[in-house]
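Dropping the structures in below, format is structure tokens.
In the two assemblies presented below, subunit A is common to both, partnered first by subunit B and then by subunit C.
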Partner chain A sequence: MNAVDVQKARKIKKLQTWLIVLGIVVITIWSGIETDFSFESLIFGSREAATFVFTDLLPPDFTVITGLIKPALDTIYMSFVAMVIGAVIAAFLSVFTAATTSPHPALQVFMRAYSSLFRNIPVLIWTILLTASFGLGALVGTLSLIMVSVGVLTRAFAEVLEEIDEGQVEAIRATGANYFKVLAQGVLPQFSPGFFGWSLYMLEINVRASTIIGMVGGGGLGFVIQSNIKLFQYGQVSMAIILVLVIVLLTEWLTNQIRERII
Partner chain B sequence: MKGKTMSIDKLSSINIAEANKPRKNNALLIVLILGGIFFFFSLSQLPIDYSKLIEGSAKFLSTLTVMLPPDMTYWREVLLAALESLQVAIVGTVIAIILGLLLSFPAAENLTPHPSIAWGIKGFASFLRAIPTLIWALIFIVAVGMGPFTGILAITVGATGMLIKVFSQSIEEIDEGVIEAMKATGASWTSIVIHGVIPTVLTAFLAWCILRLEGDIAESTILGAVGAGGIGWELMHAMRLYKFDQAFFVALVIFAMVFSVELVTNRLKMRLKTK
Partner chain C sequence: MTLLQINNLSKTYPDGTSALKGINLSIEKGEFVAVIGPSGAGKSTLLRSINRLVDPTNGEILFNNHNMVTVKSSQLRKQRRNMAMIFQGYNLIERTSVLNNVLHGRLGYMNTFSTLLSVFSGKDKEAARQLLQRVGLESQMYKRADELSGGQKQRVGIARAIMQEPELILADEPIASLDPLSSELIMNHLYTICKEEEIACLCNLHQVDVAKKYATRIIGINGGQKVFDGSPAELTEDIIAEIYQSSKKVLVS
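Let's look at the complex of A and B:
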């Protein structure tokens, strides 16, 4: 390639970049017009929101905290139970999903589609769909969290399995170890950092999700927030939001601590 | 811990790594045991009626038969609502990217005019991030009413919190030498940012923007469930009327939306990686 060609290629690349930028700008402006967005309303909206937060929402009503502890704990229990059950099911399913360990390619494709179905329908949508059969409460919340956990973790674990170094597994097999010894000594040590890393990550996601599934009938803090907003009990709402904040930040801190110590 | 092993010579650091292994295994064992206990404790504390689990599963199977085939009578409305969700996500993400860009430079420790400013912005960002988007949506509904605009505000707030964090982290990972060298030439703060920092972090920023758009599109599909516009409301509506076949169609559309976004973003991420 001579210098002229290089320059030409560079020009085309530059043009391409600008076209992409232009495309993004056009799409954004079109979306803005369609959704009645304007900068005046943005400023107006932020001002209204700030007024609402500072005059109505704050200060939080600390007297209701005893009543909120139960839903707050439910939120934590739901996300933890869902993470554990999800991780166990996903660890099992991922063996059939990973290209390296799947007994049959057709099964692998089926499992991938299956996990993507669970993963790509948001938790809240699962909750809405399941409330019709399971009624309201913690059961629905836990079930929908499990669904999404299985979806996310099956894919993640399958990727971990696919990245396992076959050489190490071969080496242990060569020593004459039986199937279970190969699993324990060759596969498990390579699988476990990914397994725990992703499970902890899932716990964080579940905790966030479980604070909102209550809004559509999944139990926990979301229900308290939703119903108290309808009753104009803003002091209780802000107290519940503070608890959400505490739970989310505490989980993040805790999972970071555990991650540092075991992975 | 890290600093200590770095200062000692290589041989003994290997020894420390070896010595760490059983300790890590012990920690793992403790975490596993505690986790197991907490799991059964949680299970016992949850107000779950197990007879309802069986009953519900049977009921769910029977609703599944009602759900099929999906009812597409209102396909126009559903697709328009899906489009609205997409638009809400795009506008919200773009505003968040602009805000994130503006705030991440003073929030990065190596560029901030003052450490307390960096600390303040980061604290603010983690506050925005820790409150789920749907709760922001509820707050904005009370403040400015229902509709897609509320959705945009909620998406913007959540996404801004995340983008400030990841953008400033990317900036902090820049080689100190680059910034030092530019400072030595007498370059101003803005020209350091424009000529030294932005070209280095551009790829990372783009990857984060794509990831955030992916997340926001998924979020925007659920905003409607509380009345903030988009396709979530269609689902709530159909379920409330017990029109399971219509609800199933809406769910399929949501799945198609989120799934195709995942496909596209995966491809984009691959391209960014190979660049």
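Let's look at the complex of A and C:
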């Protein structure tokens, strides 16, 4: 490349950068216009929101806390049960999904598509679909959390399985071990840290998601929030929101502690 | 008595690399055979073909009258028990104990259910303990394998291999990742145990002097073909040059 070519290449590179910046600006403005976004209403709206928070939502009604314990526990139960059941099912399915352990490539492709379906249908949609057949309540919440947990964890576990050290697996195979023995003694020890790590992370996600799905009929604190909004019982709403925050932060803290201990 | 007879073995990898081009060799019971040759000569492919970690393209591998190239999977697993492998990268299960790693040598003999629960028999545990004592690692028995040094890991690798009570050990560059001192210790262990237990050993080596020191017979491989097969005494400087020749040419050009 001579000097002229280098100059030319640099100019093209510069032009590209500017085009990308311009593109982002255009798309942002266009989207803003299409969605009626305006700073004026943002400022005006924030004032409204502040008034709402300070006069209606606050102070939280601490007297209802006893009545909120049951829904709060429901939220935790749902998330935990969904995580455990989801992790067990996903661990089983991921063996067929990972290239390293799948007995057949066709099965692997099928399982990937299957877990992708479970994962990419949002948890809210699952809840709405399932309330149609199971009615309102914590069971539906748990079921939809399981669906998504299975989808997410199957993919995550499959990736863990694909990153294991093949040499160790080979060594077990060379002793004359069959497929199941190889899985149990060669694959499992390498799989378990990833298994626990991802499952704990799933628990955190489930706790957050469970409040949202409560609002569409999945039970737990989300359900309390939704029904009290309709009744204009804002003191109770804010109390429930505080409980959600406490649970989310507690789960995060707890899972971090466990992670540090066992991994 | 012939333990292993390889006839016209060839292997072409899917990418077109021809790693083995018609290898013929035989191993007698209790022999200690070193395989030497430049990198990429096909030494590893040869060893890994014997226990079918690699599927050969052509030829036959007769081990105890079973053709390893065509055996059904259940028979393949049965024969794999009789031919243990030692790896360059040790390939221990890092996250489990030293003792368990040695016990893995029994996997081929155990029933699947107890394997799933990691229940090993008392007899096996005692045998594993004794083997670890023989390689000087009894005190490290309950440590996790990833806590050991390279040389210690390879000693566990040897113990795991012996635990299979094999008739043949396939050692694929067992000392290539070790310092000279550990290398000598490992070769001594491997040699003594094979002699004491009357196990034949087929050992890939990089170092010609090591091969000459331990082997009862040396096989030279270059470009996927056998270019030498004889006693260490017959391996003259000229022949060594010939074995490593083409790789030297590549270096020069």
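Operating definition for what follows: the second predicted complex is superposed on the first by the 242 of 263 C-alpha atoms of A that agree within 3 Å, B and C clash if a C-alpha of one lies under 4 Å from a C-alpha of the other, contacts with A are read in each partner's own complex, and residues count from 1 in each chain.
Please note the rule applied: a residue touches a chain if its C-beta (ideal position, glycine included) is under 8 Å from a C-beta of that chain, and two chains touch if they have at least 3 such contacts.
Since we're looking at a predicted model, the values are computed, not measured.
*Asks:* Just checking: does A:130 make contact with subunit B only, subunit C only, both, or neither of them? Give me first, second, both or neither.
*Replies:* Only subunit B is touched by A:130; subunit C is not.
*Asks:* Is A:189 contacted by the first partner subunit B, the second partner subunit C, both or neither?
*Replies:* In the superposition, A:189 touches subunit C alone.
*Asks:* Touch test for A:175: subunit B only (first), subunit C only (second), both, or neither?
*Replies:* The second partner, subunit C, only.
*Asks:* Looking at the overlay, what does A:150 touch: subunit B (first), subunit C (second), both, or neither?
*Replies:* neither
*Asks:* Report the partner of subunit A that touches more of its residues: subunit B or subunit C.
*Replies:* The partner making contact with more of subunit A's residues is B.
*Asks:* So, does A:160 touch the first partner subunit B, the second partner subunit C, both, or neither?
*Replies:* Neither partner.
*Asks:* Taking the stated contact definition, name every residue in subunit A that is touched by subunit B in one complex and by subunit C in the other, in rising order.
*Replies:* On subunit A, the overlap between the subunit B and subunit C contacts is residues 192.
*Asks:* Applying the document's contact rule, which stretches of subunit B touch subunit A when the two form their complex?
*Replies:* Contact set of subunit B toward subunit A: 24, 27-28, 31, 35, 38-39, 42-43, 45-49, 52-53, 56-57, 59-60, 63, 83-84, 86-88, 90-91, 94-95, 126-127, 130-132, 134-135, 138-140, 142-144, 147-153, 218-219, 221-222, 225-226, 229, 232, 235-236, 239, 242, 244, 247, 251, 254-255, 258-259, 262.
*Asks:* Where on subunit A does subunit B make contact in their complex?
*Replies:* By the definition above, subunit A touches subunit B via 24, 27-28, 30-32, 34-37, 41-42, 44-46, 48-49, 51-53, 56-57, 73-74, 76-78, 80-81, 84, 116-117, 120-122, 124-125, 128-135, 137-139, 142, 192, 196, 208-209, 211-212, 215-216, 219, 222, 225-226, 229, 241, 244-245, 248-249, 252, 258, 261-263.
*Asks:* Taking the complex as given, what residues does subunit C use to touch subunit A?
*Replies:* Per the stated touch rule, the residues are 51, 53, 77-81, 84-85, 87, 89, 91-96, 104-110, 112, 115-116, 118, 160, 164.
*Asks:* Which residues, counting only subunit A, touch subunit C once they are in their complex?
*Replies:* These residues of subunit A touch subunit C: 165, 167-168, 170-178, 180-181, 184-186, 189-190, 192-193.
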